[in-house]
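Chains here go by letter, A, B, C, D and E, matching the order in which they are written, and residues are numbered from 1 within each.
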Amino acid sequence: MTAIIERRGGPASGRAPAPASSFAGRRRPGEFLIKLALRLAAAVTVVTTVGILIALLIPSLSFFAEVPVLEFLFGTRWAPRFADASFGVLPLVTATLWTTLIALLVAVPFGLGAATLLAEYARPRVRKVLKPLLEILAGIPTVVYGFFALQFVQGTVLRDWLHLPTGAFSVLAAGLVMGVMIIPTIASIAEDAMSAVPQALRQGSAALGANRMQTTLRVVFPAALSGIVAAVVLGISRAVGETMIVAIAAGNQAQLVTNPLDQGQTMTGFIANAALGDSRVGSLEYNTLFAVGLLLFLITLLINFISIRFVRRFREAY
Amino acid sequence: MSTPTGSAATATHTNFHAAETRRLAATPSGLIRCEDVNVYYGEFRAVTGVNLEFGRNEITALIGPSGCGKSTLLRSLNRMNDLVDGARVEGTVLFQDEDIYAKAVDPIEVRRRIGMVFQKPNPFPKSIYDNIAYGPRVTGMKVDNMDDLVEEALTRSALWGEVKDKLKQSAFGLSGGQQQRLCIARTIAVQPDVILMDEPCSALDPIATSRIEDLMHELRKDYTIIIVTHNMQQAARVADRTAFFTALADESTGDRTGVLVEYDLTRNIFEQPQDQRTEDYISGRFG
Amino acid sequence: GGQPSGGDTSGSGASGGGLTGSVNTDGSSTVAPLTEAAADLFRDEESGVNVSVATSGTGGGFKTFCAGETDVSNASRPIKDEEAADCEAAGIKYTEIVAANDGLSVIVNPENDWAEDLTVEQLNLIWGPEAEGKITNWNQVDPSFPDQAITLFGAGTDSGTFDYFTEEINGEDGAIRTDYSPSEDDNITIQGVAGDVGAIGFLGLSYVEENEGVVKAVAVDGVMPSTETVQDGTYTPLGRPLFIYVNNASYVDKEQVKSFIDFYVANSAEIAERALFVPLTEDQVTTATDELASLG
Amino acid sequence: MSPTSTTATQPLRASAPIATGRNGEMRPSALAFLLLLWLSLFVAFAVLITLLITIFLTGQNKLSTALLFNFPSADPDEAGARPAILGSVWAIGATAVMTLPLGIAAAVHLEEFADRKRWFNRFIELNVQNLAAVPSIVYGLLALAFLSMLGVTNKNIVIGGAFALTLLILPVIIIATREALRAVPREIRDGSLALGATQWQTTWRQVLPASVPGIATGSILALSRALGEAAPLLVLGALVYITFDPNGLLSGYTTLPIQIFNWTGRPQEGFHELAGATSILLLAVLILMNALAIFIRNKFQKRW
Amino acid sequence: MSTPTGSAATATHTNFHAAETRRLAATPSGLIRCEDVNVYYGEFRAVTGVNLEFGRNEITALIGPSGCGKSTLLRSLNRMNDLVDGARVEGTVLFQDEDIYAKAVDPIEVRRRIGMVFQKPNPFPKSIYDNIAYGPRVTGMKVDNMDDLVEEALTRSALWGEVKDKLKQSAFGLSGGQQQRLCIARTIAVQPDVILMDEPCSALDPIATSRIEDLMHELRKDYTIIIVTHNMQQAARVADRTAFFTALADESTGDRTGVLVEYDLTRNIFEQPQDQRTEDYISGRFG
């Protein structure tokens, strides 16, 4: 055999004199540069966040120089672009709350139901088919959802079929459709959380004579609770931030919404509608856009942090 | 190359506790009987042609190298395999002469009557109390006083003294050995006839292990126990009878399948194995 | 009423005149279909010219126009003084051309059988800033009207339609009650009015004609909006011209812009018809031609 | 009783039969529960199907080659979505080119190199998770402000939209890539490192190739999200009528969702049909992309 | 309560192959020396105060119950622990009298010189050929003829005959035992001095195990081998020397940490253990 693989420190050579350099590091400048590049790429995400903050803050500061913060936050009349302007954001906030609430009323039960079915009942092969199908719901362009909400849900279902006393738009229709859109989001995270519950707990429960329902409700749900909460919270974040559906179907009238059959303009709806026109950079109108954007960003930021906390908790638990 | 030929005995001392303290019939009483049991995962046959009787109020150990189907067989004794996708049992498993795979049989009831303790302690993320009370609650047992039931289960599993002051605390706060005893207590609480144990000590330290082994001896008075273990000395220490399994390669497909090699009183298996493969395994030539 | 346009195109000249380059337009979404129709027809003549039409609203359009970004700005109202000042400051010289006429229409739900003819005063009563939160029922407009809540829809604040309507009805540009549903998308307004018996809204005539049966137009001071009433000037005060503003420098320096604008004016009748607007009168065409001619 | 039993205390229960004829899985409560679960899924699919049907009914008349090849027009019978199709291709292409290297590099840093003990890396992780849930319209505002700061007045350009979309899906791609990288077992890395390979060699020659299917799946899904997005592009002002093919990063453009949005706002019924037809087209593309992603996931993703 | 007291010897026959075929010095030659090594994972100290010398061209086995830090110590010998988040080594590890944790030392080079084979065979998802060629390529070895190198590595690891006709096929097509030998071949191909093995046979069947054990005896001629094993008989069969570790609970924190209990010639460890804990472990009283 050709001794291609030579033994460096074999017995034949005795104790090879080991110069201090025998392990000396080869210089790898390429490696260093690559790592630097990778780190920079990761840093882009931070730059994005800082960018968002700056982009939103600077116009917002000009805005708040003209409109007191308290008036903005607690005012009940939103008419920024009229001759008699006023800047109370509460109407937008109430509309956002309504659409979000309605969306959750749809998405939470159905999303959790679907997640439970997929995680606890469906065989892998069935799950492999159902899950992607369910995810199509999350992939439908929101413009398409918007017109579906406006024409079919509001026009046909709520008005023609149910004869509800509602006009052309309602936060109800927008919220319902938004809820359907969010179902896969909630289902997916909740399913992750349930799947992360160790099989051992299910087996332990089954071995005591519990059926699947009991195991699901009394062992898996409590064990996956933080993940389920995270799913719901992320659903809230999606609902608050969704734009096209509300811009199209919730209406454009900024009013304090007290009845879900009324129309209302959400924060995102306002931004989209206002942006359809083109405001002069630096004008109050332009700054208004960013003030609402900032509020929206801060609200979702808060929600996201709550959600991330819960996700982390269920990831750590097992 | 080196063929193991020497015969220097190790310093191993094994205590055939069970065999030494009890007189056993030559054949077990057959509370559970396997007749020609094959277990499949989809197309794959994990266990082939097992005929085996487990004696009432005995401890039976299943031993054998990894992958020989011990866990698979154990799970088929209380229909836990129903929960595994694609798992399928052929042949007959009789419990008190009833076929547990018969149509009219409620698998839930089978599992209540034939309880199971797992390799890794798996307490529920609930309080100690609720861990015990869980079984009686879900099975709809008529319980006059749940507190008494919890106390009795914990007492029987030699845990009461250690936990009686923290029943409302999370079970996760217990040590591994305590958790495992809690799992045994939980099983006892639903009043099973048989307790299956799948390597119940393999995640535990020596002291916890020895406590569980002691507990098993205690429990044998009231329950029938079937235990899978990797630790041969453990089998020797606790089991009345031992079944040795191994995995054979199928000539045609090359798939390996688990078969029962030898089943006998534990002392016989360890001291006078009838099969060469048993002897090889016992003497540590593989595994 | 006006007729929907036929499919036949003019195609008078030989197609493919060999010009290239782009014509950038922005502005009113109301006027956009007009410019698009012009571009459609123009493409048969000069297929090498890229015409783009953005819809930032009349106000938004003037902003980019006065920044020199666009060659043509579509406007549904005349340029305002501040906007003109912007253009002047940026050194942008421009020419205003009336490209078509429109009847800004007030619409109600087809089931509304009481408000078929409203006076300007009644419209002001409904839409004026003072009405905000007060005029909420039709019977407040006229005691003979039924007890029916009013809901209001209309153009978004960046649109020339909004400016024009507020100016003509409420006497001041931008003065309007705010508790109505403003939309930059006129079809949303149609949907709104169609979905609510008590609704009232305003938008361009073309939308009314395309949505007969869905919504219906209201006569203003006794005159219904139509091609005839708009052209002969009897539909007042809401009959209005639609404008395009041409950047003079572009017109002079860019052959494709000149060619496009000349085409636009020369074929204004057909373009207006295609875009569902009211064509220019003879006088208006002459004026426009003269304006362009003076540019050279 | 068994003769071998030393303490014959086996209680009475031993004789109770297990063949009760009942089945604990079939209790009414359990069946009702299962029914509810299926109902959840059924409702979701029922909405999906209704939506598809209504769109199809709206758009079927306008499904023709004209939709694919014609330019928009003031006449709905002549109008097509050609520039919107090409515009979507340009915008998504540019987005992919910008976001894929960036996202994969960032994910590789976080998953393979970053020391999780360092606050900065933990902060980046947190930040990525947060960015993934920032409303898309905020990215539109970001791009708007950014382009304004650069002094770009005409924001209707491919690169502007691609910029917003890139930032929008960057966190999505990072998260998907990290998951794909995490699915590569530690053993592969250990094996490589134990041979004297550097960390980068290990990443580049073992981990990345092994995670290509996962990365591809995640990227396709992220890009399909970008393809369906309208809100951020709307904020940047959307061109809706162009008579030319978008042909570069600085070219004016429009995209399919924007075209749909615009056509639905037109007075003529014909445009609404066009919007329906374009929705069908967009949905078909999106579903195809989803199917491709799932196909890749199922076919090429190794189970270790 | 049952206290194991009996002394019935099992039928265990152990072959001290290594000890019987070689004469060994009383103390090892010290190719690698651990001096006061502590290994931490974050705050947790997994291994405490290990002093140990590994002999050149010897096979040393590390044995002990699960969690006593065998793998941790092994990984600290070639700086594989550098890659584990939070892992930290205190004390000195000398290789040929050089501190491998010294500043000037390139950990990459350490790992090339001190190779490692893992518990689960971990071939790369590449062809058999590329699995072998990978190491030489990434370490920038100057190789005249890669084909020859691949052949030699496979030959040395007793795999050439089985795979020579399918070098271009995926390594995943091999059986578990072949895969493990491939991993050994892969390690050999970068010309290490030492091969660390972490339970290399625990995922293999008896036949494959015995082939690997044979191979280890072959390799000992040229390499120094350190092997972690759970199978005591395996240690007895292959190792020249054996180190027994156990996990002690820290009095103050209750954390368990791994310590070296006893280190000696394998025969001594198995036949005359000096420490009661070693004897308990060897005799299967726990583990």
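Simple rule for what comes next: contacts are C-beta pairs under 8 Å (C-beta built on N, C-alpha and C of every residue); 3 or more make two chains touch, one makes a residue touch a chain.
Treat the numbers as computed from the prediction; the structure is a model and nothing was measured.
Undergrad: Counting one step for each move to a touching chain, how far apart are chain B and chain C?
TA: Each step joins two touching chains, and the minimum needed here is 2.
Undergrad: Go through B-D and A-C and name the pair with more C-beta contacts between its chains.
TA: Looking at contacts between chains, A-C has the larger number.
Undergrad: Just how far, in Å, is the C-alpha centre of chain E from the one of chain A?
TA: The mean C-alpha positions of chain A and chain E differ by 48 Å.
Undergrad: If you average the Cα atoms of chain D and of chain E to get two centres, how far apart are those centres in Å?
TA: 45
Undergrad: Between chain C and chain D, what is the gap in Å from one C-alpha centre to the other?
TA: The answer is 40 Å.
Undergrad: Out of chain E, which residues touch more than one other chain, so two or more?
TA: Residues 108-109, 113, 189 of chain E each touch two or more of the other chains.
Undergrad: Specify, in ascending order, the residues of chain A that touch 2 or more different other chains.
TA: 151, 209, 211, 214, 248, 276, 278
Undergrad: Using the touch definition from the top, which residues of chain D touch two or more other chains?
TA: 24-25, 198-199, 237, 264
Undergrad: Pull out all the chain pairs that touch, please.
TA: A-B, A-C, A-D, A-E, B-D, B-E, C-D, D-E
Undergrad: Once bound in the complex, which stretches of chain A touch chain C?
TA: Touch residues, chain A against chain C: 77-79, 81-84, 86, 150-151, 154-155, 159, 166-169, 248, 251-255, 263, 273, 276-280.
Undergrad: What residues of chain A sit close enough to touch chain E in their complex?
TA: 1-11, 15-16, 18, 20-26
Undergrad: Hey, which residues of chain D end up touching chain A in the complex?
TA: On the chain D side, the touching residues are 24-25, 27, 29-30, 33-34, 36-41, 43-45, 47-48, 50-51, 54-55, 101-103, 105-106, 108-110, 113-114, 121, 123-124, 126-131, 133-142, 144-146, 148, 167, 170-171, 174, 198-200, 221, 224-225, 227-231, 234-235, 237, 256-257, 260-261, 264, 275, 279, 282-283, 286-287, 290-291, 294, 298.
Undergrad: Hey, which residues of chain C end up touching chain A in the complex?
TA: Per the touch definition, chain C meets chain A at residues 26, 55-57, 59-61, 63-64, 129, 151, 153, 156-159, 166, 172-176, 178-185, 188, 191-196, 199.
Undergrad: In their complex, what parts of chain A are in touch with chain B?
TA: 123-124, 198, 200-211, 214, 218-219, 222-223, 317
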